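Two complexes follow with subunit A in common, the first pairing it with subunit B and the second with subunit C.
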Partner chain A sequence: MAEGEHSLRYIERDSIMHRLYPLTKLAWVFVVAIGLFLYREPVSGAVMLGVVLLVAVVVARVPLRDVLSSSQLIFGLGILLMIFHFFADPGEPVYRVGPLTITDGGLHEGPIFFFRLSVVVLASFVLIWTTDIRDLMVSLTQAGIPYRYAFAVFLALRFLPLVQREVDAVRAAHAIRGRASRSGLVHRFKLWQRYMFTVLINGLRKAEATATAIECRGFGAYPERTYVKTVEFKPASLILVLIFVLLQAGLIYAERAL
Partner chain B sequence: MALYAVVNVVIVVVLGLIAKAIGKPEEGAGGWNFQYSTRDIVIVAVIAAIAGVVNTGTGNLWYLANSSLGPLGGALLQGAFMWAYVLAMWLVRKPGAALAVGVIETAVEILLGNAAGVGTLGWGISQGIAVEVVMALVNYGKFNLWTAIMAGAAASQFGTLWTAILFGWDPAYARDVWIAVPINLISGAILSGVIGFLLAKAIARTGLVRAAA
Partner chain C sequence: MSSNTNHQASEVENDVLVDVQHVTYTHWNQTEPTLHDVSLQIRQGTLNVLVGPSGSGKSTLCDLFNGVIPHLYGGKLEGDIRVGGVNTREVEVKHLALKVGKVFQDPEIMFATLYVEDEIAFGPENLRFDVETIRQTVEELLELTDLKPYRHNLVWNLSGGQVQKLGLASVLAMRPQMIVLDEPTSNLDPAATRSVHDLVLSLRDEGITVLLVTRELDEFLAEADQLLVLADGRLLAAGPPRDVLREHGEYMLDSLGVWLPETSEIGIELRRAGLLQGDEMPITVEETLSVLSQLRIEIPEGASTHRVSSAPPAEVVISARDLHYTYPGGVEALKGISLDIRSDEWLMIVGRNGAGKSTLARLLVGLQKPRKGQLTLFGRDASRWKVQQLANNIALVFQNPEHQFLTDKVADEIGYSLLAQGVSDPAEIRRRTDEMLALLDLEAVADTHPFALSAGLKRRLGVATMLVGEPEVLLVDEPTYGQDREMTHTLMALMQNIRERGIAVVMITHDMRLVQEYAERVVVMSEGRILYDGSSAGLFEQEEVLAQANLRRTVLHDLVRAMREQGYPFPSDIRSTSDLVELLKIGHVTE
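Up next, the complex of A and B:
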C-alpha cells in the first residue's frame, strides 16, 4: 500500500470548509454523529445524508466522484447492516424469504442504522479531506492538551506512511523468496506473524532513534512550544456547528412532534 | 442496554480479580507511575501507527462479518484488534498506555478510511478502558500470560458494548448478543491476550525495549 494509493487524505483547496478552525470541524463531526444516535425515524437520517453530501460537494468543494468512490465500501456495509436488521428486529411479519421473516420493525429500524453508519463516516471523510492533521494537532494544544501528548498523535500519523512502506517492503522480501500469495491459510498466518514481528522490530528501532533525536533537540524541556505554522481561531468558524445544532434540534423536534 | 452495560462491567471486574488472584506481582515492575518518558510516548505512537494499519484491514473483514451475520459473525474476529493494547501495556508498563494506544490507533484508522468513521473511537476508548481496569486491579504490577489473557478477554467483551450501540444490536431482543459473549471472551483471550503477550516476550528477547526485558 503506497502513500499515493490512499484517496482519503487532506487535499489542499480553497474552500470555506478548508478555512474553518480544525477543532470546530471536529466538533461538527461529533454534532452530526450525536444527532444520528438520537433519530427515531429514517427520514431524519436521509435528510442529514443529503445535507452532509451538500457540505462535502458545495462547502468543501470535494468532487462528487471522489465522494462516491471513497464511500462505496461504507454504503455497501451500511446496506448489509440494513438487510440484517430487516430480518433480525422484532415486529409483525411482512414478507417471508425461505425460513427467514422480514418484519415491519426491521423495515423501520434497518434504514435508521444504514444512515447512522453512512453519515457518520461521510462526515469523518469531510474532516479528513479538509483538515491538515498538523493544524488539528496545533489546535488541540491550543485547547489545553499538553503538547507532549498531542505530539504522540501527530507522531503516529507521521509514522503512518513509513509503516505502510515497511509493510510493502517486508511483503515484497517474502514474496521473492516464494509464492506467498498462493499459499494456504496456515502458511499465510505464519507469514503474517513474520511480517508483524519484522515491522514491529523495525518500528521500535525507529522509535528509540526518534526519542533520542527529539530529546537532543530539547523536546519536553519547556512547558510551551512554538510551531512553524500558526492556527488562529476565528469565531465565524462556529457558524457551521451552530447551523448543525439547530438542524439536529429541528429534526429531532419534528420527529417527536409529528 | 442498561443490563448489558452492567453485565459487561461485571465481566471486566471479574476478569481483573481473576488476574489478581493468579500469580505473583513482579518485583519493581509497573506500579502507578504516570511519568511518561519521551521514549514511552514514541513507543506508544509507533505501536498505534502499526496497529492502525493492520487493524484497518482486519476491520473490513470484521465489518463484513458483523453487518451480514450479526453479533455472532462479529464475535469470531472481535478479539483480533486489541493485541496492540496488550503489547503497549507490556512494553511501557505505565497506567494509561493501553487507553492511549486505543485512542491513537483508532484515530489512525479513521484517517485510513475505517468503515465506522469517528465511531471507531468508541472502540478505542471502551477497549482501552477495559485493559486499564484489569491492569489497575493488579496494581499495574503483573505482566504474566494470565493477566494478558484476562486483559485481552475483557477488552474484547467490553468493546461489544459500543458495537451494540452503534450497530443497533439491542440485547433486549437480540439473543445473539448474549450467545456471543463466550465467543468474544475466547477470541479476545487468544487473538489479543496470547498474541500480544507473545509479541511482547519476543520483542523483550531482542533487548530492544528495556521495560519488557
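Up next, the complex of A and C:
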C-alpha cells in the first residue's frame, strides 16, 4: 500500500529528551501552554518559540529539516490567524487596505496569537517525536489512571493507520466510478456523503470486532495488569519542567516590570 | 458419528475437552436459529477441521467455545457448552481466555498494541502472568512463528502470513488449552498457507487442541483427527476425515459446494462411478496413486480434454514496456514490467502479497501514472488518459466491492455507471440495468441496499456495475476470495460468459486451482518484476519460479505428473479433477 512516511511519529533516537519520564514531558507541554496564555507581549512568545525550537533540535536531536517540514502547516495557519487579528482587533487605525483597517491593537495581538498556536503545537510535536506512546500510557497508569482509560487513547491512535488505509481505498474505488451528475458541486457533496458512510460503517464494524477481540484476550479481566516493559520515574526528569516554570516566571516578571 | 469413535467411547470420555450438547442458537436480531441442535465433542490434543458452505454457521459455532456467545453477542442460547468441564455460561469471556483462544479471521482487528513483541505480551499481561514468564513466552513464540527478525516492527507493517502468525502467537501466549482459527489462510499465498498449516500441525503435536475452520483443504486434511461438517446450522457429520468423506463425500460435493482436496474429489467421483473397492478413501497423492494403480486403465491415443484454438492472435489493447513505479514513500512497487494484453484474453496474474499486482492494476485503470517506462492503453499513452474516460475501456472490480458502492439501491448502483458514461435516456438506463440484473441473477435484490447484501452478492454487484458500461477489458482483484466452491464456480462461469461477450478478462488471484482450471495465460509477479508469462501447465514445471513467487503446484498436477512417470499415457493438459475422472471413466477396462 502507498503509505507515505509520516514525519509526525515517534522516532527512536538517543537523546536526553527521549530518556525523560513521559509524564514529565506531558506536564512540560502544559507548562509551555499555560505560559503562552499568560504573556502580554509578543516578544515573550518569540523567546519561547526559540527555546522550544532549541529543545527540539538540540535536546531532542530532531533534524531541523523534519521540524520545519512537520510545522509548515501549523506556521501557515498561525500566520493566517495573525493577519486576521491585524484587521479584526479593536484599536487605533494604522494602515488602510481598501475598506479594511489594520489597528495598532491588531498589530500587537496578532503575533501573540501566532506564537500561542505555533509554540503549543510545536511543543506537542516534540512530545510525539520523543515519546513512545506505549510508555506514555504506562506512565499514565503509574499516575493512578485506570488502565482501561489510558488504553482507550492508545487504541484510538492504533486505529488511525487502518482508517487512513480505508479512506485511500474508498477514494480510489470512487474515482473509477465516474460522476453521474452534471453539477460538480452536487457530485462532490454526494461523494463526500458516501465517503463518510462507507468509512464510518467499516470503522464501526472494526471497532466492534476489536472490542470483542481484546476482551477475548483478557482485557479488563482484573483491575490491574502487569507490564513487561515499564518506565521508571526518574526525579531528574522534573528538571525540564522546573527550568521552564522558572523561565516563564522570568518572562512574565520581565513583561510586568518593564 | 462413525462407528470408529463409538468403540472407544469409554476411553474417550476422559479426554474430552469440549462437549457441546444440543445447542440451538438464535442471534438477537433474527427469528430463525443459526445453529440447530448441534452436539459435538472435541478431544484433548486433537486437530479438528470444520467445513461448511458460506452462511452455514461456522463462525457462530466458533464463538461458542470462548463464551463470546452468549456473553457478548446475546441472543438465545439453548443447550450447554462445557470446556474442560466448565459451563461457558457460568464463566466470563475474559476468564475463558485461559481455556480457549480464538484467532480472528482478520487478525489485524485483534491487535491492541503497536509492536510485534508487545502484541504477544498483551494477553498474558492482562491475565497478570509473571513478568519473567511472559518474557520467556514471547521469546519462544517469536521463535516458533519465525517472527524474531520482526519483533520491533509495527504490527501493520507485516505481510499477510506474518499477520496470521502474530495473531496465533498472541493467542498462544495466554497458554490456552485450545485454539480456534477462523479461516486463517483465506487471503494468503500458497506458500504462506502451507507454513500456517505446518505451524498448526506442530501445535497439535505439542498437545494443544486445535479447531480450524478453512476453505483451503489439501493433503493437510489427512492429518486431521476429526472432520466436522456443518450445513445450514446443523452438524451433518463428525468423525475421522476418511469416514466422513466416504459416507458424505458425494453430498458435500454435489449439494453443499464445499472445497475438498482435489485427491478426495477424485476419490469421491471414482467411488460414485463404482471404480473403488472396499472402503478406500484417498486423501494424499500417494494414497490416490495406490488406488489408481489397482485400476486397469488404457487411455486412448491422443486423448485430450481441451481443444487448442488456432484463431489468429487478436489486437493488443494494453502494452507495457519496462514499466516502473515507485510510491511517494520510496517503496519501489514495479521494477520494469513488459506485458501485452490482447482483446480476447483470459489472463491471470499471480504472486505473493506485495509483489506489485495491485499496483499494476491501479496503473492500468489510470489511478496512478507510470513514473518510468512506457504504458500504452487502447492506443494512447497512459499519461493522456483521464481516469473517468479510461473507465469506459477498462473496468476494475475491487477486492472489497463495498468501497465502490455509491447509492442506496442495487438497481441504482448499476444505473449510476450508465449516468457516469453520459447515458441520459431513462428508458435506456432502465433497460440496460434490467438486463444486467438478469444476467447476474440480482433481480430479487434490485431494491436492496448494497451494503445489506451477502458477500457473494456484493461481489456480483461489483462486477455488474463495471460490466454494464461495456468495457473492453475487465480487471478483477481476487473475486473468489473467501467464497465457497459453489460461489467460486458461479463467479468463474460468469467470467467465462463475459469472455464470450468479447471482453478480455484479467484476474488477480492466489488460487492455483483456478489458475490451472481456467487461465489461458498466467503471469507470475515477484518483487515488482514478471518472472513467468505463459501457460499454467508450463508454470508448474518451473520449480524456481514457483519457489521465488511463493506459489505451489496443485495436488492434481502432482498426481498427474506422478501417474505419467508411472507410464500412464495421460495428456499433460488435464485442468480439473472432473477432466481426470472423465478420462479414467473412458479408460477404465473392466475385466
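The working rule: the second predicted complex is superposed on the first by the 247 of 258 C-alpha atoms of A that agree within 3 Å, B and C clash if a C-alpha of one lies under 4 Å from a C-alpha of the other, contacts with A are read in each partner's own complex, and residues count from 1 in each chain.
FYI, a residue touches a chain if its C-beta (ideal position, glycine included) is under 8 Å from a C-beta of that chain, and two chains touch if they have at least 3 such contacts.
Fair warning: this is a prediction, and the values are worked out from it, not measured in the lab.
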| item | value |
| --- | --- |
| Three-chain arrangement built on subunit A, subunit B and subunit C clash or fit | fit |
| Partner chain in contact with A:Leu20 - subunit B first, subunit C second, else both or neither | neither |
| Partner chain(s) touched by A:Val153 [first = subunit B, second = subunit C, both, neither] | first |
| Subunit B versus subunit C as contact partner of A:Lys206, first or second or both or neither | both |
| Which of subunit B and subunit C A:Leu240 touches, first, second, both or neither | neither |
| Touched partner set for A:Glu215, first subunit B, second subunit C, both or neither | both |
| Which of subunit B and subunit C A:Ile133 touches, first, second, both or neither | both |
| Centroid geometry (CA): angle subunit B/subunit A/subunit C, rounded to a multiple of 10 degrees | 80 |
| Subunit B versus subunit C as contact partner of A:Ala56, first or second or both or neither | neither |
| Overlay on shared chain A, then closest C-alpha pair between subunit B and subunit C (Å) | 7 |
| Footprint overlap on subunit A, comparing subunit B with subunit C | 133, 151, 155, 162, 201, 206, 210, 214-215, 219-220 |
| Of subunit A, residues touching subunit B in the complex | 1, 6, 8-9, 29-30, 33, 37, 70, 73-74, 77-78, 80-81, 83-85, 88-90, 109, 112-113, 116-117, 120-125, 127-128, 133, 148-149, 151-153, 155-157, 159-160, 162-164, 167, 196-197, 199-201, 203-208, 210-211, 214-215, 219-220 |
| Touching residues (chain side subunit C, partner subunit A) in the complex | 66, 68, 72, 92-98, 101-102, 104, 106, 108-115, 118, 121-131, 134-135, 138, 156, 170-171, 174, 327-331, 362, 365-367, 387-388, 391, 395-396, 398, 400, 402-406, 416-417, 419-421, 451, 465 |
| Of subunit B, residues touching subunit A in the complex | 36-39, 41-50, 52-54, 60, 63-64, 67-70, 87, 100, 104-105, 107-108, 110-119, 165-168, 173-174, 176, 199, 202-203, 206, 208-209 |
| Residue ranges of subunit A in contact with subunit C within the complex | 2-5, 133-134, 151, 154-155, 158, 161-162, 169-170, 172-181, 190-191, 194, 198, 201-202, 206, 209-210, 212-222, 224-229 |
